[in-house]
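Next up, some structures in structure tokens.
Look at the two complexes coming up: chain A is in both, with chain B in one and chain C in the other.
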Partner chain A sequence: MSFWEKLSKIDRRFIYFTLFLAVTIPLIFPFNLRPKPMPPVQKLYNYIDTISQDKTLVVSVDYTPDTEPELHPMSIALLRHAFARHIKVGVLTLQLLGLGLAQDALATVTHEFNSRAQTNSDSIIYGRDYVFWGWQTPVLVPILGMGENIVGVFPVDYYGNRTDTLPIMKHLKNYNDVAILVSISGSAIPFYYITYAQTSFGLKIGAGSTAVQAADFYPYLNSGQVTGMMSGMKGGAEYEEMVASKLGVPGRRKATEAMSSQTVSHIWIMILIIFGNIGYFALRRRKK
Partner chain B sequence: MKVRLPLFIVLITGILGAIPFLIPHNIVQNIDNEFRNSVLRIIVSFSLVLGVGSIIRHHVDKVTRKREHWEYSWILLITLLVTSIIGLFGGIEGNGRLPTHIGNFHFDIQTIYMYMAVPLMATMFSMLAFFMASAAYRAFRARNLEATLLLVSAFILMLGSVPLSNYILPKLPGFAEWILMVPNTAAKRGMGFGIALGTLATSLKIILGIERGWLGGTK
Partner chain C sequence: MTHNPWIWISAILTLGIFSFLYKENPFYRICEHLFIGIANGYSITFTWHRILMPTLIDPVSHGHRLWLIIFAIIGALYFTRFIPKISWLVRIPIAVVMGYGAGASIPRGIDASIVEQVRATVVTKSTFASVYNGIWALVILIGVLATISYFFFSRERKGILKPLSYTGIIFIMVGFGASFGYTVMARISLLIGRLTFLLRDWLGIIH
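== the complex of A and B ==
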């Protein structure tokens, strides 16, 4: 086999092994790469930053563990932003497997804030500052039902408390009291929010999506039906960086940490594609 | 009757599902609320029973007949049983009636989920990166103009989605954003209109009983 043939037919095991190194080595020895926020992320951040005290941010944790590395940092960054700005938060999930992830994001961020709190007003208290409604299905029931009466859709929260007894719910009746709903998902759930909650109730929608799926949201971003979005791990890293640099909120930034790994692996895949094309053109010229 | 009854149910529920978006009258909205909040939820809860029932039946059958890889079915059945008991009686974070820790060793449902389900599912999904890298290397060849355009776009988007591009080519992320915002949006909108019209036509055919493939059978 000639050199050019070898270049165009690299063994897949070599590709797997080198990609494994390209992913893991930068994770162990990361280099400093600060992402610059792109307009969709900036728009989402700016909108959430201006939410008034009487309105609520709703975070819909609609992803499952398979996309956790890419999407979980988005939830954590959003919660950090909201709690740092004393914005009330409602959390729900439309994916059964998203329950544990939503619970983990809330536990992580509330622990961060409460460990630094000096007074009661600095603390993040369940029922006063945030509520976790839990899971509801099928998707159309909570999406349309919350536009009329949130307590009707979630009579009890994730922990079994009656939602109508929680102080936060006194001023949170339906979508009229929600400033924006951010659906973070690797599936089609944000589209349901756009189709039903945005179109029927005029609710502002934000999205967090995997990089693969991000292209699907641009028509809605372009039309204004989606207020802002975070796409892929880079979108999460951009939001994390803004929360850390503008609000000074400390805490581990997992998406930013993964940027080194993503950069090296993308460049390595591009090099492999270039090798493949060099080999392909050299062989084609020889055949002619 | 076996054909007419399902067709009649589909006709009624199809109409009831569509008209609340067109008629805002209280009677229509109340019927819609009732259907959505009660009937739909009851139907979905039946699907849970059906799903758990069928997975148990399938794997019990596999074990009893010793079909290929029947040993793994035991793992599934035992896992299903154990996690169900812990989830039902152990509470969310070990605060239920069933004790879910031995000393410092915790096995409540949230711990099982975070330290078993999450890594296992994330590992399965991360395998895609290796397959995609291998497939990209083999498939991305600039064979003609269309393939070259695809290749160039992919390169711009791949570079645009890493922060390094901000340092080496500061305008590249903006250009990647433009590709997504303009040519991508144009193509997606066109496809979206086509899909929406197709969905509408197919839905009407099903509601009116013209399309009957979903009934199964050949008659």
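== the complex of A and C ==
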């Protein structure tokens, strides 16, 4: 049996094991990588960076725990950016299992800021600086309804407070008061925002997508229907890098930490693909 | 290694799901069914307390917005599926949802996915304000025309259609390659996330 024949009959579990090593070893012994922001991420950052005090950033946490490693760093980086710039934030989710993740992102970032705060104005206060509306279903109802009246869609927030009693809601009536809505999702929800909120109300849409979906969003980025986007864990790492380097906001950067592991595993997969293809053609030539 | 019991449970369930990589086994099945059960239970409870209570039951029980009862009855007709004699009534809520969905999505869908995309593909003089952008706009235009021509099945591929459709294949293959690359990146990211949890939160090997 030749080398290529042996290679073609290799147990797939051996490949799983080598991939496990390619991911694990760089996690234990990482090397320093600084992700360079790509234009779509840069555009999103620049737009959010220039939001005026009277407008709000809305973050739609539309992912579930299965895509948490890719998308959660994006939510955290966006919230850090907004709070560092004193931009008011509204958070919602159109995925029920996203509630816990949205709550976790808000708790993490508000704790980071409040533990460093010296005065009341430095602090991030619920109802004044941000609001967590919670979940509403089906998706068309909140997406179209928020264009008319946000309080009507979310009469109570996630914590059970009446939203019309919150100070932040006095100047946040509908999409006219929203600078941009960033939908972070592993599903088709950003498309719903593009189709309904962007087309009907002219709302600016940002997208945070899993890498699997990223290619689907580029046409919308090219047409200007999406203002900017982060794709996959790398997109999250790029945004984290900008928030840390440009604003000096400290905090754990989960996506950036994973980049050395991702790089090594990608190189290993490329080697496997190249070997697989050479083996395929070598065996085919022998059969002829 | 952590003493937090929740992290232990989470780690054991993660290993249970990973065990599928070796082969299908009862441990994996238990973890899978546990996830589905918990997700459904959470969904039903939350929908009752946070959606139906504040938007329907509370206002109606206080005598406000009584017209909501009509929609509640229409919605409740979904449950008639369980009663064979009147199961035909389920068509009413389905018709309402389909009618609303189609009416809301067709005009906006055409606008968002066809009109705007065609507009973005059109190359004008202003596209070449920047040479770099102009070149990419041309590549997009050629890619769109070539790919559409590949799916043009009502004529034999002869004349201009032949090279154009072959060019379309190249664009389609590049698209597939990009999607596959992104898929690899996504799957590895998820593996990294779980392994980070096991190595950091559970075992405490990395900091």
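Rule of thumb we're sticking to: the second predicted complex is superposed on the first by the 287 of 288 C-alpha atoms of A that agree within 3 Å, B and C clash if a C-alpha of one lies under 4 Å from a C-alpha of the other, contacts with A are read in each partner's own complex, and residues count from 1 in each chain.
Note that a residue touches a chain if its C-beta (ideal position, glycine included) is under 8 Å from a C-beta of that chain, and two chains touch if they have at least 3 such contacts.
Computed from a predicted structure; not experimentally measured.
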item	value
Which of chain B and chain C A:L27 touches, first, second, both or neither	second
Partner chain(s) touched by A:A214 [first = chain B, second = chain C, both, neither]	both
First, second, both or neither for A:K36, with chain B first and chain C second	first
Which of chain B and chain C A:A258 touches, first, second, both or neither	second
Contacts of A:I15 with chain B and chain C, given as first, second, both or neither	first
First, second, both or neither for A:I269, with chain B first and chain C second	both
Touched partner set for A:E148, first chain B, second chain C, both or neither	first
First, second, both or neither for A:W135, with chain B first and chain C second	second
Residues of chain A at both interfaces, chain B in one complex, chain C in the other	16, 19-20, 23, 66-69, 97, 137, 140, 144, 200, 211, 214-215, 219, 222, 231-232, 234, 262, 265-266, 269
Contact set on chain C toward chain A in their complex	21-22, 39, 42-43, 46-47, 50-51, 54-55, 100-101, 104-105, 108-109, 111-113, 116-117, 119-120, 140, 175, 178-179, 182-186, 188-196, 199, 205-206
For the chain A and chain B complex, residues of the former touching the latter	10, 12, 15-16, 19-20, 23, 33-36, 38-40, 64-69, 97, 100-101, 103-104, 137-138, 140-141, 144-145, 148, 152-153, 158-159, 200, 211, 214-216, 218-219, 221-222, 231-232, 234, 237, 259, 262-263, 265-270, 272-273, 275-277, 280-281
Complex contacts: residues of chain B adjacent to chain A	21, 33, 36-37, 40-41, 44, 92, 109-110, 113-114, 117-122, 124-126, 129-130, 133-134, 136-138, 140-142, 151, 155, 158-159, 161-164, 166, 173, 177, 180-181, 184-185, 188-189, 192
Chain A residues touching chain C - in the complex, by the definition given at the top	13, 16, 19-20, 23-24, 27-28, 66-70, 96-97, 99, 134-137, 140, 144, 155-156, 194-196, 198-200, 210-215, 219, 222-225, 231-234, 254, 257-258, 261-262, 265-266, 269
